[in-house]
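Below is one structure; the comments refer to it alone.
Going by the order they are written in, the chains are A, B and C; count residues from 1 in each one.
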Amino acid sequence: MAAVPLSYYLVLSGILFFCGVLGFLIKRNIITIFMSIELMLNGVNLSFVAFAAQWHSLNGQVFVFFVMVVAAAEAAVGLAIIIAVYRTRETLNVDQVNLLKL
Amino acid sequence: MTLTSYLWLVPLFPLAGAAINGFFGRRLPKQAISAIALLFCGLAFGMALLLAAGFSSASAPYSCDLAHWIRSGTFQVDFSFYLDQLSLVMLLVVTGVGFLIHIYSIGYMWDDESYYRFMAYLNLFMFFMLTLVLAKNYLVMFIGWEGVGLASYLLIGFWFTKDSAASAGKKAFIVNRIGDFGFLIALFLIIQHFGSLDFTTVFNAVTPLAKETSGAGFLTAIGLLLMVGAAGKSAQIPLYVWLPDAMEGPTPVSALIHAATMVTAGVYMVARSHVIFERAPEALTVVAVIGTLTAFFAATIGIAQTDIKKVLAYSTVSQLGYMFMACGVGAFSAGIFHLMTHAFFKGLLFLAAGSVIHGVGGEQDMRKMGGLRVYMPWTCATMGIATLAIAGIPPLAGFWSKDEILWQAFNVSWVYWIIGVITAFITSFYMFRLMYMTFGGDVYRGATSPSGHGIDDHGHSTGHGDGHGHDPHESPWVMLGPLVILAVLSIVGGLVGIGNHFEHFLAPVFQGPAVEAATEGASEAGKSGLEYLLMAVSVSVAGLGWFLAYLLYSRSPQLPARIATSLGGLYRAVVHKYYIDEIYAALFVKPLIEGSTAILWHGVDQGVIDASVNESAHAARELSDNVRHMQSGNLRSYAGWVAAGGAVVIAYMVWMGVTH
Amino acid sequence: MFHLILFLFFGAICVAGAVNLLMQSHPINSALSLVVVMGSLAVEYLLLGAEFVAAVQVIVYAGAIMVMFLITIMLLNAGKEERSHGSRVAMLLGVPGVVIGGALIAWTILARSTTDSVSIGALQGDPRGIAKLLFHAFLLPFEVTSVLILIAIMGAVVLVSRPEAVVRSADSSPVRQPEPMIKDRELVAAGKDH
């Protein structure tokens, strides 16, 4: 069986990552933007695991483990913030949350 | 340690007095201030007398090196003082007349509220003048030169709250500055050619040089530039315009600075540099021409002045012209002789004028005086003696010195002589005019209420009471004493000129071909008939001037007005000083002010400096105004920037990876 | 061969889900697309032999985090996105930047890669191996992350709690009432104007 070249995995990871960035730029809903961030994190996870497989070291996977933990915590806090923002602004449109303008 | 090794004390005594009075005088009682000022000036005078006692025409010059100053490679200048016959004469004149004027000032300025300041400035002036006179090199002389200019500025503008006084002080200082510029360039040339500013060194280097014939030599340049400096300091054409304005200062200042001592600094400097001038005949001619012209020119202006001090001011300019004429024909000792006698009688004239002004309560216009000999006999007598002296009536002092100058001038060119004689006639005329207008007649024309001059030339609080026109009164003895002493000096001061004693005294200084020839040509053994003839001419001319003044101002007082109207424009021009001040204002002052305003102020200061500061602030503002739009608060634009920046970084890394 | 086909298949599903996340206008649809992406990623991990990670991915990511997202969406009753003028910068600078960056990275990876390849199950990522690493070499980070989670919990609780206002009722006894959901009508109205 022919194996899959490592670069394919990296390309897939990159595609996921940049889709996340695009979503961050394009979407207007805060929650959707947040989900794009999760998409980015996933892309990175994939490249970690791919490299772990290449170098035959489990460190990469442990790192993925930590990344997931951090992502979970961040998702919790982030959603709490979104709820708090929704309370005051009554909107989920990120363009209207711009009180920090100069 | 001989006395001469303490030479440096002579200038430093008055400096100490100035320092004490200047710093502490505000809290001292007036008696203490006077005592301090007199003490230190008197100490300097006393030392001068002691030094003179031990000095004769055969004494060698003495140098007193105080401290190192500039040591730069081969060029060195030290704080050194120098005593030879010439500086001794100047020293005696300065300290003697200065001491008398200090005494006079105690009486004159007693009621002024800044009394301590005046005394401090007087002492300060003495310090600088003595530094100038006793200097051993041009640079220390320049310190004194600048310093007396400063003191003159401070003293002319003593009543600085008065606009005219402040402006006069400024004018004096600025015009002096122009002269100083010439002086400085001359110093630079001397350094360039001789590598030193020390008198002995320079003159020893100049002596073997030949006379410069064509006008292209550097000695001529140095001589001309030195003359520029002297013209500024000693009020010769074209830089005399400050001296009449300087009459805004108190009368003792006019007497000391603008008659006896400071204005003579130029003459002293030319005499000191005689070695250079003797080898630059063209420069010497320029000196003589300027002196002669100034003497005549200023005398003509003096005819029509009505302010008593202005007449004396123009008279001073004229007499200084005589001194320069003497130097210009090579008779340096004659010039110094006239300097000495002039200090006596002109100082006396000014002090007596001050006494008159004090006595009539501040009035300076002679048309409002008259008949004062009844009220002020002593003043009238002493002023009369001084007038005789300046007119050149023998055997008073002015006759001897003026005659010596005219004789020496005649030996060089009769043109100088004839102009000098005419000037002597005019001098005699306007001086006796002054006497008749002020003291003559029977009617005191200022008998109505005393004119209010504001602070005027007096500072004298009218404790005699205003409202009723108080009669003129004689001055106190503290003021009359110096008048009497100076009158005595005016009488006997010229007798040292008999038998050429004065000249012989100064001979070690002025050993030079020109003077040698003059002294040997007219030695005491053979006073030629020509000299007696010329003497008679000048005396009779002086008498003629007296007679004319008597005619016009005593016998027929209505004549001058008629003559004035018939002369019309010419008379008006003379009264307005030939409009020289106006011409200068239009030619130099106005363009300078306007140029400065337009170019330096609006163009450079506002346009460049202010603009650059303002514009840089403005630019910072503009920049921040434009950049702040980045802070839109919009999350997505931030993300956009991050993404773009990230792309740039990635591109850079890829490029680095590709190229290396 | 088999490996390649599986990889491509599930990779395609990943990408399709990601693109769908971008294309959908309703956040619920986007969330569900993300779940699909998570799932296919889990398969990819399995293909790489990372069993534990794949399991954790499904349990934690798809099972907890995404559920949290869905709960929030439903709680806030988020609807379709309305059109609003976005940021010009994001469009003009950001999107091209992303595209360029992505292209560069893709080119770098494909053009400069080695011929290394990964085969199925090349590395056994079993729980035992990971546990060995986790509790020996990475013990400190492990403990720290537990603290991190604790902090996150506390933060989330604080952020979400509504401040209680004391309201005087008719009989002057303080009655505790939670503050209304939307506190400041004016602030909201002002926000809507932008």
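Note that contacts are C-beta pairs under 8 Å (C-beta built on N, C-alpha and C of every residue); 3 or more make two chains touch, one makes a residue touch a chain.
Just so it is clear, the model here is predicted, and its values are computed rather than measured.
Annotation of chain A and chain B: jointly contacted by C, touch as defined at the top. C-beta contact counts were set side by side for A-C and B-C; A-C has more. Averaged C-alpha coordinates give centres for chain A and chain B that are 93 Å from one another.
Inter-chain centre distance (chain A to chain C, centres taken as mean C-alpha positions): 5 Å. The centroid of the Cα atoms in chain B and the matching centroid in chain C are 96 Å apart. Contact of a single residue of chain A with at least two other chains is seen at positions 21, 25, 95, 97-99. Each of residues 86-87, 90-91, 94-95, 98, 101, 105 in chain C touches at least two other chains.
Across the assembly, chain B contributes residues 632, 634, 636, 639-640, 643 that each touch 2 or more other chains.
Residues 86-98, 100-101, 104-105, 107-108, 112 of chain C touch chain B in their complex. Every residue of chain B that touches chain A in the complex is listed here, in rising order: 628-629, 631-636, 639-640, 643. The part of chain A that touches chain B in the complex is made up of residues 21, 24-25, 33, 94-95, 97-102. Interface residues of chain C facing chain A in the complex, by the touch rule stated above, are 1-4, 7, 11, 14-15, 18-19, 21-22, 27, 30-31, 34, 37-38, 41, 44-45, 47-50, 52-53, 56-57, 60-61, 64-65, 68-69, 72-73, 75-76, 78, 81-82, 84-87, 90-91, 94-95, 98-99, 101-102, 105-106, 109-110, 113-120, 122-123, 125, 129-130, 133-134, 137-138, 141, 145, 148-149, 151-153, 155-157, 159-160, 162, 181-184, 187-188, 191-192, 194.
Listing the residues of chain B that touch chain C in their complex gives 632, 634, 636-637, 639-648, 650-651, 654, 657.
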